[in-house]
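The two complexes that follow have chain A in common; it is paired with chain B in the first and with chain C in the second.
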Partner chain A sequence: MLEIEDLNISIGAHQIVSLEHLSIPAGRRLGLVGESGSGKTMTAMSIIGLLPREAVVTGSIKFSGVEMVNRPERELSNFRGSEIGTIFQDPLRALNPTMRVGKQVGEALRLHNTVPNKGVKQRTVELLDQVQLPDSAALARRYPHQLSGGQQQRVLIAMAIACNPKLLIADEPTTALDVTVQKEILELLARLSAERGMAVLFVSHDLGVIQSISDHVAVLYGGSLVETGPTDQIVGSPRHRYTEALINVNPGHPEDIAASLGKPLITIKGSVPPLGAFLSGCRFRGRCPHEVDTCATEPPITEMPDAHSFKCWNPVPTTISLAPGEAGLAKESP
Partner chain B sequence: MFRVVVRAISSLLVSAFMGSIVVFLLLRMLKGDVATVILGQTATREALDALRDEMGLDAPLVQQYWNWISGVFRGDMGTSYAAEFDIAHEIWVRVPLTFTLAFASLILSALVALLVGTFSAIHAKDWRGTWVDILSQIGIAVPSFWLGLLMVTLFAVRLGWLPAGGYVPLTENFIDGVKSLTMPVMALAIPLSAVLVRYVRSGMLEVLDEDFIRTAQAKGLTLRRAAWRHGIRNASIPLVTVTILQLGSLLAGAVVIENVFTLPGLGRMLVVAVGGREALSVQSLTLVLMLMILTLNFLMDIAYGLLDPRIRDSGGSVPIA
Partner chain C sequence: MADTDDFEFLEIATSGSRRRVPPQLVIGAVIVSVIVGIGMVSVFWTPYDLNTVDVPNQFLRPGSDGYLLGTDKLGRDMTSQIMAGARNSLLVSMISTVASLIPGVLIGLLAAGASPFWQRFISRLTDIGIALPGILVALVLATSLGPGNPTAIIAIMFWFIPTVARVTMGPARQILSRDFVEAAQAYGRPRRFILFRHVLPNIGPLIIVQASVMFALAILIEAALSYLGIGAQRPTPSWGRLLKEAQPLIDKAPYLMIIPGISIMVAVIGFNLLGDGLRTYLDPQQTAKGTG
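Coming up: the complex of A and B.
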């Protein structure tokens, strides 16, 4: 349903995103994970054309066969909110502080003529019910600052799903929320996606969060896709050294806290280089503990079964038989 | 909202009281005393003593203040020294004109500033934004009395569409009243809106960067429609703050404009009173003009509450943004 090919996003002389291929079939929940500055939000926003004015986009993003790249704003806005819903990181800031929340939800319905004007109010309340907001009729008349963070995010979700979109883009939707609320929101998103057969592009820096909601994961580093595949494979047997590092730095689930206490927290050494300061070849070079000489040249994409693929010269060894030529490299790794 | 109103009223009362003391003391701090001011340096000692006695200037300051302010409450501000008219009555009949003039200019310029400022923020990066910039720069530079004279030459003398001066009360003949106020209001509103446009523009540019504008776009609004539907109300909150700061110069402008268009308002009375060294009239007129500013200020405080539900909930405290 969504096919991204050779997507390049640059601002000025700096290339921010460079993606060879990424696709989201209908109903799939894809997690896009990466550190801040990895270009994950840019990638997600390029789908609906909501990038900074200065950004230059080349390549192709096809949504249901329609090319979205460099489409005029007026035409894109027919897709936004109707075919593609979006929720954002900071729910309080994402809502208009001077408009009642019900009206903000209803606006999406009116814009795309989803229901006749007379039915907007009733449908708004139904939507608020569906995102499990209590006392929805009264809540619709309140202003954003009168709601809790979790309630605000539910309002945004109601707004995003109002017109039954085929794809929901969720850009760090739980990052600003308490851990307990996070879990509820994730469950709600998973349920809505399953009920409606709605595909979700879930953007987060938190692999743990991604793991709990997505069936597939794409790992971004420095604007480049380093590994993608089914969630259990990515988490269970990652191949790319960056993915491996990301999994290692995750302190673990709350139930593991007792076990993790006293152990030092693992970090990835260094930080994401500033724009334009990446070394040639693999972008993780310089921070990677398993660097080999060939890393200075662009690593090839290695395809594995189950649509699992990665881009690494010296991948994490695996017991599964590998493509010819790769096993040798795997042995060299410490 | 109730708390917002209560807060605005109490602030109005406190400011009015403090202001009245300042107005009263300022006149006592003049060189010589009020009697000398009225009669001039050449007056004889007997004449000065007689006037001091008549005006109660020998009494302690507190007593004098009390005499004056209690008179104001009773509607008695004394009589003019030279012209022998009742000051309170004279002020009372002139208040509606000056207030209408100031209020209409205020509302008009705020509306124009909102529309033009939003337009220029949306088109900040193309030639339309630049044009608004140039025009507002000119508008700020043009003094309102000169603008008034230009308009008289064009609309009254050349085209004969509007009267060159004079005033017909709106309650007497609405159409003629509006005609007589059109040019004075324009002369006041154009420079004021030129100032306000710049604030709306920069405020709107900030609002357009807000996340909720992006949400509106993600919902399916174009940036332009998102600015009109979601931006205006949010951008008008800082506009209220700036407008409050402009109230003083607005009233000062009204005084000048009334003289340009020979409107029988407080401004004309003030100029005549100052020219005639009518200390009592000046004192009470200043008080009334100050009360007028405070009233407009009060209305703006209420506007905050109407515009922003967060201010309503916090009982009227305006966040310093």
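Coming up: the complex of A and C.
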């Protein structure tokens, strides 16, 4: 339903995102994972055309067969909210502080004429019920800052799903929440997606979070897609060295805390280079512990069964035994 | 965020779910309603006719029998003139404030949402407007339009509109860069809709404060213009005109200056207090305490 081909986003002379291919079939959940500055949010926002004025986009993003790239603002806003819902990282900042939350949800309904004006109030309460907010009628009369972080995120989700979108873009929706609330929100999103057959593009830097919600994972590094495939394969037997590193840095699950205490945390050495400072060839070059000479040239895309593909000259052998961090992650795989 | 939550909990625990009414709002509202009341009464009734000359009773001191605030050099009752002056002051200030706010806010909002070129263009235009000395503009207008209340109103508008546009544009741009505006865009809200529905309410308290400051300032400017002879002319009653007429008599009857002076001062303070109180009261963080 969403097909991205040869997407290039650049600001000035810097290329920020360069994707060969990425797609989300209807009703499926794709996790987009990567470090800060890897271009995750840019990729997600380019779908609805919400990029900085200076950004130049080329390539193709087809949503239900409709080309979204460089479509005029007026036409894009018909898709935003109605066909494509969005939720943001910091729910408090994404809500208008001067409007009661019920009104803000109602506005979403009114604007796209989803329900007749008379039904807006009732539908608002229904939506708040659907995102499992307690005492929704009273809660609708509150202002955003009177709600807890989890409740605010639920209100945002209610706004995002108000017009029954076919695609929900969730940009780090759990990052600002604490861990227990995170889990509830993830379960809610998974349930809503399943009930409504709504596709989800889930953006996060946390592979653990991505793993618990998505069917497919796309790993982004330096604006380039380094590996993509079914979630259990990516987490269970990653091929790209960056994916492997991402899995290894995960400190493990709560039950392993006692075991992991006292052990040094594993890190990926260095940090994402600033824009324009990437080395030629593989973008991960310079930070990769498994670098070989050929890495200086652009790695080819290696296709594997089950739509699993990666771009690496010296991939992780398929028969590798699981590292301790991986074992922790693999446990929860569905 | 965590600490505002705690604070709020404390507020609810101590003061129930009531909004707190700031004291300056009460004081300001009382002063303003007294002045408005006096002005309205003066339309129907004043102790004496405004312009009836009664020379034998000239220069009566305040507190004289039957004349609470005394009489002027022709024996006209000061109480009546101050009452009617309030009416004129309020009318001119209100018309000029509203007439400046509407276009000013509109220009500021639309400019904030416009392309960088238009933003710069409007900014420079308001710079020019602010740089022109208001009194000078008023004097030029008076020579072409002749003195009177309409001239005063137009002069005050020329004075205020650039400032309002300026004061609106900056904060509006700030609000436009906030996340909830991007969210609103992501939910498919059209640009104009976002400006009026999401940006305007967020700068509302600011505009209200600006309006009250402007109202107070308009009272001062109206008085100043009338004092200079550009504003109200006899027989239109005006505090500023009373000041002008009293000036030559400052050593003979100083109360003729002091009384209108105090009237102007009290009115200005009243509107400033009202605006300040409203700002505190309308602050969403404050309004929403308790059940909201």
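By our rule, the second predicted complex is superposed on the first by the 318 of 334 C-alpha atoms of A that agree within 3 Å, B and C clash if a C-alpha of one lies under 4 Å from a C-alpha of the other, contacts with A are read in each partner's own complex, and residues count from 1 in each chain.
Note that contacts are C-beta pairs under 8 Å (C-beta built on N, C-alpha and C of every residue); 3 or more make two chains touch, one makes a residue touch a chain.
Note that the coordinates shown come from a computational prediction; the quantities given were computed from them, not determined experimentally.
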Joint occupancy of chain A by chain B and chain C, clash or fit: clash
Touching partner for A:141 - first (chain B), second (chain C), both, neither: second
First, second, both or neither for A:108, with chain B first and chain C second: both
First (chain B), second (chain C), both or neither touched by A:48: both
First, second, both or neither for A:95, with chain B first and chain C second: both
Chain B versus chain C as contact partner of A:243, first or second or both or neither: neither
Partner chain(s) touched by A:149 [first = chain B, second = chain C, both, neither]: second
Chain B/chain C common contact set on chain A: 48, 50, 73-74, 77-82, 85-86, 88, 90, 93-99, 107-108, 111-112, 143, 145-146, 156, 159-160
Residue ranges of chain B in contact with chain A within the complex: 125, 210-212, 214-223, 229-230, 233-234, 237, 307-310, 313
For the chain A and chain B complex, residues of the former touching the latter: 48, 50, 53, 73-74, 77-82, 85-86, 88, 90, 93-99, 107-108, 111-112, 143, 145-146, 156, 159-160
Residue ranges of chain A touching chain C (in the complex, touch as defined): 48, 50, 73-74, 77-82, 85-86, 88, 90, 92-100, 107-108, 111-112, 141-143, 145-146, 148-149, 156, 159-160, 169
Parts of chain C lying in touch with chain A, wherever the complex brings them together: 1, 4-5, 8, 178-180, 182-191, 193, 197-198, 201-202, 204, 284-285, 287-288, 291-292
